[in-house]
């Protein structure tokens, strides 16, 4: 019964050509996806390869040196210690400030703010702040914290600058966590006569806490890798001991890596690579913590 | 207590009142930050523009505010930034878009579960590490092909910034494509469209505003990118069409001043704010443009 | 019963069988265009259709009715292999289009769908102009005739031309729901398929828009074979020549002339369903 017009059900002629284009297109798309994957693999391989033989326990426990051979195993010992501790101090301080400010702002926007022009302005402003280049935050920190407030190129000035930098991201993450708290829980608390503040304190915050922590840690892992803002604030590159006071000088890992990487001697490339491996390891630990928290509480 | 004793408004709720004020203050910190940035950039630039006319700033083709003979034309820095933006866009926009199409339309769930976190990791690598990667790997590869390439060159910086912003383009574009309702895909299949045609002629056009918005954001990010271009592309203000030459971007100039011994109050220090203001205005304009494009896109499906 | 809500009750007696009085009969060509034989469909482990066999006549309207979850839409999607797009779906048996099994290895589902157009439950115009929506199928199929003329013809066939002829460049999303659905019908018929499948095309529309679609379906059967899924029995009775009744579990319980199926069903279960005792 088949008539000739129905021979067209197979992939012939122009359709076959289109199928071929389609297959080529999928291939091109897949290769493009691999560009990102391969770039990541190359980057990690490059950093590990360059640091091979230069990364030792001493690298973590000694201050930097001007002589590359001191970094080698069996040398006098030189490394990233002050910058590593400096970065940790910087992040702990930044965490304290951002959690307080970020969660406060998020609670205000989600729980307290009326839908008025002020609220919309604050929200739009947060969206725009997230797109401001980090070096501009560095200028802000330099002019306000370092100069105007007289804090100098201090640990406190550095952490306040990083706080302002990641605050928009923390607020957005905290808002999402707070929005995920079911309204039924809020109503249950109101139903037994709780005030708004009591509902916030006893219901909203405890439920949203894991989400807030995850978002905050992820934002902090961005802050710990930032170079430009602390560079503008004046992070030191040749600190031989960890920061000893809030208002004293500090160094941090990305700044230290930058200092090594721009030295002309080829050996320092390996030192910079070793520093990068340490920085990436710290980042990995922070992200793993964030994911662990998320997985632990996601199952509810 | 009998019912008659209950009077409304008697419960003291000072907690809520205090909480509201404290939380509002937290939210206002973000507004203060914006005002702070604008204030610092403008007041910091005023002394600079007393010395240097705006016309000279935007038309002179020499930039040397610190070393004599001094001249104050930002064009070489803008040019350097533009080279990086164009180069990185050539890498990231096609690669990011095709990646988004693959993830949204073709990849199966298992593959997606591997690829998406991988791209997120790429987005989380610190820029200083990208910079190191550029000078220790990308530049030597370029030198193998073009032996005349300098230690610092625009091409290496552009490639590394391009890689850096791929995840931004791919994830935002994929969000836009995933938001295209399956109804439209089915309509295409029902008309005898191939998967290729559905992806490129239905999904892509329907998601075009979201994709464009991601492009603009990625470009904004490339304009503001600092450490990788400083390390890879160098510190030499230079208007050139040769991407193998050393250049200096606006951000790299700011790093140069930030790490150098420039005394407060000198014209070099003041130029920092003039360049910062230019950078801020450019990225702000891009961010607003991106929001505008995305705002139009929402209307389509409401 | 809910389906009365979507019909224009001023025109139609409420007894389901009353539809007989308004049913227009398309004589058709007397030939069978689609022949299903022992079609079984699984979604993963769940079997959605059991041994469906039926012969669909050319240039007539065949309605597939039944309670929700009975597999009528699944069967419709077997005809143009839309089920291929669902990863977990598996189809066995044969669906022959003019004698050619569409599940044969040498059949390209894309080529098939060019012969068997489809209209969906929810109007789904592309976010393009009215014109581009209708021209879309012509463009991808490489139509080399006069596209303008074909677009106009399709819009006229879909009873939409007079309403949109001055706004061909405006977005298809600007139209009302009923107009959007007629636009989707125009889009489906523009490439001149053999068969038009409709999956509850009026279920998202108001009564006035519904009655326009029904008139349109009646007209379409002059040129096309129409297979329509509906959950609305009056609609099936009004517009179809043949009716297939699917019941829960994915079985085809009764298939025959619409008049016979509604007036004098063989199966008690179908009678219960049609008179509203069940489903």
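Things worth noting here:
For clarity, chains are labelled A, B and C in written order, and residue numbers in each chain start from 1.
Criterion: contacts are C-beta pairs under 8 Å (C-beta built on N, C-alpha and C of every residue); 3 or more make two chains touch, one makes a residue touch a chain.
Please read these numbers as outputs of a predicted model, since none were measured by experiment.
A complete topology is adopted by the chain contact network, contact being made between every pair of chains. Across B-C and A-C, the chain pair carrying more C-beta contacts is B-C.
Distance between chain A and chain B, defined via averaged C-alpha coordinates, is recorded as 15 Å.
Rounded to a whole number, the gap between the C-alpha centres of chain B and chain C is 50 angstrom. Centroid to centroid, with C-alpha atoms defining each point, chain A and chain C lie 53 Å apart. Looking at chain A, residues 15, 18-19 sit in touch with two or more other chains. Each of residues 110-112, 114-115 in chain C touches at least two other chains. With touch defined as above, residues shared between interfaces to two or more other chains in chain B number as follows: 194, 197.
Chain contact summary for the complex, chain C toward chain B: residues 80, 82, 85, 87, 110-115, 117-120, 122, 124-128, 136-137, 140-141, 173, 184, 187-188, 191, 197.
The residues of chain B lying in touch with chain A in their complex are 11, 13, 15-16, 18-20, 22-31, 33-34, 36-37, 40-41, 44, 94-95, 98-99, 101-103, 106-107, 115, 118-119, 121-122, 124-133, 135-137, 163, 166-167, 170, 194-197, 199-200, 217, 220-221, 223-227, 231, 251, 254-255, 258-259, 264, 272-273, 276, 279-280, 283-284, 286-288, 290-291. Chain B makes touch with chain C in their complex at residues 108, 181, 183-184, 186-194, 197, 201-202, 205-206, 300.
Every residue of chain A that touches chain C in the complex is listed here, in rising order: 1-3, 6, 8-12, 14-15, 18-19.
By the touch rule above, chain C contacts chain A in their complex via residues 97-100, 102, 106-108, 110-112, 114-115, 142.
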